[in-house]
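Shared between the two complexes below is chain A, which has chain B as its partner in the first and chain C in the second.
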Partner chain A sequence: MPSVLLTDSISFELGALEPWPSDVKLYQPYEVEQILLQDQANSLAVQVFLRMCGLEFQVEMRSNAEHMSPSGKLPFIKCGAFVVADLDPIVSFIANKGINLTDHLDAAQKADMRAYMSLANNILGNAELYISWCDENVLNEVTCPRYGSVYSWPLNTLLTWRKQKQVTKKLTALGWITKTLDEVNYSKKWIFTFADTVLKNYFCRFMKMSIIAVMPLVSASEIISISLMIDARSWMR
Partner chain B sequence: MQTAERNSPETTAETADVPLQLSNIKALVEKINVEGLGRTKDDLVIKTIKELFEAKDFQQVVLKSQEVRTKLEKLGCFKNVGVFIDTSKGQDATSSGLEITFTVKELKRVLGGINTLVGNNEGSLVIGSNLPNTFGRGEKLQVEYTYGTKQSKGFNGMFVKPLHNKANSILTSSFYQQNSEWPSSGYHLCEQGISLDASFDSVPLLRHSVQWEGVWRELSCQSRTTTFPVREQAGHSLKSALRHVIHYDNRDSAVFSNRGTLFRMVQELAGLGGDVGFVKHELTYQLNVPITNDVVLQGSFQGGFMKRLNDEKMIYICDRFFLGGPHTVRGFEQRGIGPQSDNQALGAQTYWAAGLHLFTPLPFKPGHGGLGDILRTHFFVNAGNIDNFNFGDNIKESARILTDRYRLSYGMGLMLRLGTVARIELNYCVPLKCQRGDRTHHGVQVAVGVQFL
Partner chain C sequence: MASNPVMELEIWKGEWGLPSVDVHCLEVMTYAKFSGTPLKTKITNNPFKTPHGSLPVFQHENECLTKFGEISAYLRKNNHTADFELSPKQCAEAFAYSHLIYEKLVPALQFVWWIDSKNFIEFTRPLYAKLLPFPLNFYYPGQYEKHAKQLAMSLYPEEDDLSVIETAVYRQADECLCLLATKLGEKEFFFGQSPSSLDAVVFAHLAPLLKAPLPSAALQNHLKACTNLTRFVGRVLQRYFPKEIKDQEQAERKITKQESEYSDSEFPNKLRNISIAALISLVAMTAYAMSTGIIQVVPADEGEEED
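Up next, the complex of A and B:
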């Protein structure tokens, strides 16, 4: 049986040879009724990235996008014959075609950038999951109705329960399950100020550079999406 | 000619010169004993043996007691049944009275076993246990775990209640979980469901089944290379369907039949709840005509038609029809005929397939008892067509659409019988007519299974 890693790297190499097609589609769950916080944040991140690279794409909404994705992560893009899911693999896939936003950074700054992105992903990503699936109020009022909205009874209750068990298991392994909501909010606020500082610092240092070049340093789309979500009930604390 | 006073067959030994006419011996069954009953309920036993009281002469008594014995064995309560006919004794006995004793041995409370099962191109191991005669009226509670050679795993729990009436009605309820792989279409399917079934004979040999099934299906792609139209169907779906099956089979054997017909029609309505909705009809017909003593000509036909119920409910790839393979139109890969994408079958909503077969014994005629019984040679011509046809109102036009781009193959091979239900086929196939996109297989095809075109 061929190794999955080998197939991936081969497919990326092959993908590098083709130019960006005109019919690339980005798949995500339904925006109005179904999508949850983390998927919305990731989807916005990918969309912002693609637009900043100047690449054309269309957004397709599917109720089963989560299951269509080859790795289970959202969103995913269909680029010709290739299906790539999640922000980091998509960025690598596009980088293979010679398009990226970090050409102006040297190796040390690229390493810093990766560290900041990883930090943002870990803390913000897990905070998003915690808010959606572990907080009773949000779970009952927002997450469960939205996640089960595309299924008929009794699948809607069954699948939501199953997903909650999966997410709880993951957060337990990471040690997030024992945090209280206040602790989670504190982590969010911390990363807010941190991102603020980073933006300011980089802005000061590279004042002549446009904001666009600086934005990817901190998964800025996450900040944009979070500021959008700040109006949502779950964040009014 | 014997007189009516003779009431015991023991005296026939002395008059061996004159043939004894059992039908002329007047006999009356006065008492029936059933020994060995445990949990089996009395009313069921009484209902079964009651007809024995109607016998008027000795011949009828002997024949009817054999019939009753077979019926008792078929109840599903007893392991074996013995019959003992004797003259009736005691105060109320008359001269022509008989007393019949049935000695029954009840089945144990819990039975278990490990069996092998043969499916279409797949063998499975079945580990199961059942509780026969659970409540005393022939019910059965059965639990099974199946593990197949193609990584298909399944679990099945079933409760069967026979009603023991003239129509041979049986009520079944079961819940099951079944995992199956379909590499020819690139997906893996996990089904979990409940099914309720009521079967009965409307006339002898014609069996109806009315079923309701509620299934939760999870379709997932087998690998990253699964084609996108199949990837679009990945996810969860819920099917709640009513089904009606008519089954008529008067062939002398299911595997190597020499004469008889098989007719089977399935009609399914899905959409009462859940998100899957369609109306499906499927028909199977087989006719066997013996030409000489050993040579049989068989014609068979299969067809199916399905239509989406309304705009809100969908048809998924696992509901559609597929055609091609060593069990249907030979000479093509499994699911190799019809709409394909990247060499993976997508299925379609209408199909038909027909076959003409000639079965002959082995050329060197080893005779009966031995290889000759279980091996046959086989010449065949298969044809079929499958697509999402758009039928109009014109029947002629529809018929033309159906036969327009049909596929054809022919060949010959050997068949080996496995037990009483399955066979192995080894065929050399030549596909004659095919369409662009079909996956043909010119050469040797091997197949094991129960159902063939």
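Up next, the complex of A and C:
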């Protein structure tokens, strides 16, 4: 099977010729029982982006969405004959059709926007992964039951263990595995300070840009709620 | 650990006009120069005794830190900061652009340094083998290569072929370099006239890529095409590390002098040898021709001819 990363550029060139079809579907895991923090954040980001562009789509929930995705990343959209996964490739794919939210920005502002998106991905994305997969309480009480909820025993245990190994390897390579939960929370606090600054300075003029950058932050509220839940339980014990 | 009143930093040695070959050491050293910190550098080239198995190691009064984030926070706490002129919005931008570099450029630098086989075999491994003391020079280059490969595989878990990952990673790095060039524009530093922490991070990541004599230099050529970034690196080196530039120029002058002396001394011998050889061969050929009768010297006589 040809590689996803190389065929991306070819498929975008071909996809540019077709208009947006009416039966585009966005695939994600089940929202109530299965989906995890980072996948929900990315899925929300893609959904908001598509709505902001005024593009029609339907959300389809599948238990094996992660395995259906061509690059393993969630969510992915099926647009005519093309299947595109992850926010950045989807944005490029739609930009090739001539639809984007950054026409009114100059080059310096686009550079700033990309920098803030990297910041959100790096800090919040990795914090989400850390909290979901490396914190014992959250792992046992939330992540493992949710991730394995659609499989029967022993598949749920094995697949969860495999996913945990994969995520731990990534966080080790990035240097996040050695952080404590306090350090992770501290990094999140930095993000909120900066988001505050960004919104104050950009909100009036560049609403849409800031919202794209802020989208993954929506998941931050989930992080907080889960942290509070865990803290509350440990306090009660 | 003994309390150390002076701020000390253990680093890798510098080459090609740079104060250090390692990105993390450069980050800390440049930030210290920008913030005016009296930092004493010690060239150890030895990550064996360090707490995390890597350099740099910053020591000051019982504190032992290794990451740039921790060291800059510590210096800031001790009133040494390069960001005092920045507004909150600019601080946010500095933070964001640093993370842009960590997300998009660092994997590519790891590729160029450790995973690209031509670079690794012809450049990186000999370089680190030269810097490290025996017997560590057998262990650490392999370790660093393993870490780099693990980073690449973990960022793209569904992909098995390193060359495909390489294409994707280089594409992102090219994009990152363009974004940095756009941000810098024609300014001296990223936020005006005086350097900040972002300038330290950018310089540290770009300087080794620019100056190292890489055999496989695709990304390096792309960086050289961004002329404002190249000028930025040169400017920082000239203003804040003039000693290293002078040392490198002296070393280069010594090498060219040696080479020209060698060729000068060879030159007169060469000409003399060639002319003597030509003369000898001419004499030998003439003698052979005369002895076998091809040429005969006949006294000039009227009307007589030779057959």
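The definition used in the following text is that the second predicted complex is superposed on the first by the 197 of 237 C-alpha atoms of A that agree within 3 Å, B and C clash if a C-alpha of one lies under 4 Å from a C-alpha of the other, contacts with A are read in each partner's own complex, and residues count from 1 in each chain.
Definition applied: contacts are C-beta pairs under 8 Å (C-beta built on N, C-alpha and C of every residue); 3 or more make two chains touch, one makes a residue touch a chain.
Being a predicted model, the structure only gives us computed values, none of them experimental.
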Worksheet item: Of the two partner chains, chain B (first) and chain C (second), which one does A:Ala108 touch, if any: first, second, both, or neither?
Response: second
Practice prompt. Once the structures are superposed on A, label A:Ala173 by its partner contacts, choosing first (chain B), second (chain C), both or neither.
Written response: second
Practice prompt. Determine, under the contact definition given at the top, whether A:Ser152 touches first (chain B), second (chain C), both, or neither.
Written response: first
Worksheet item: Just chain B (first), just chain C (second), both, or neither: which does A:Ser118 touch?
Response: second
Worksheet item: So, does A:Val83 touch the first partner chain B, the second partner chain C, both, or neither?
Response: first
Fill in: Per-residue touch tally on chain A - higher for chain B or for chain C
C
Fill in: Interface residues of chain A shared between complexes with chain B and chain C
4
Worksheet item: Tell me, which parts of chain B touch chain A in their complex?
Response: 216, 219-221, 224-225, 228, 231-236, 238, 273-275
Response to the item:
Per the touch rule, the chain A residues reaching chain C in their complex are 3-6, 71-72, 107-108, 110-112, 114-116, 118-119, 121-123, 166, 169-170, 172-175, 190, 194, 197-198, 201
Discussion item. Taking the touch rule as given, give the residues of chain C at its contact with chain A in the complex, in rising order.
Written reply: 67, 88-89, 91-93, 95-97, 99-100, 102-104, 147, 150-151, 153-159, 161, 164-165, 167-168, 175, 179-180, 182-183, 185
Discussion item. Per the contact definition, I'd like the list of chain A residues that touch chain B in the complex.
Written reply: 4, 7-8, 11, 62-64, 66-68, 70, 78, 83, 151-155, 158-159
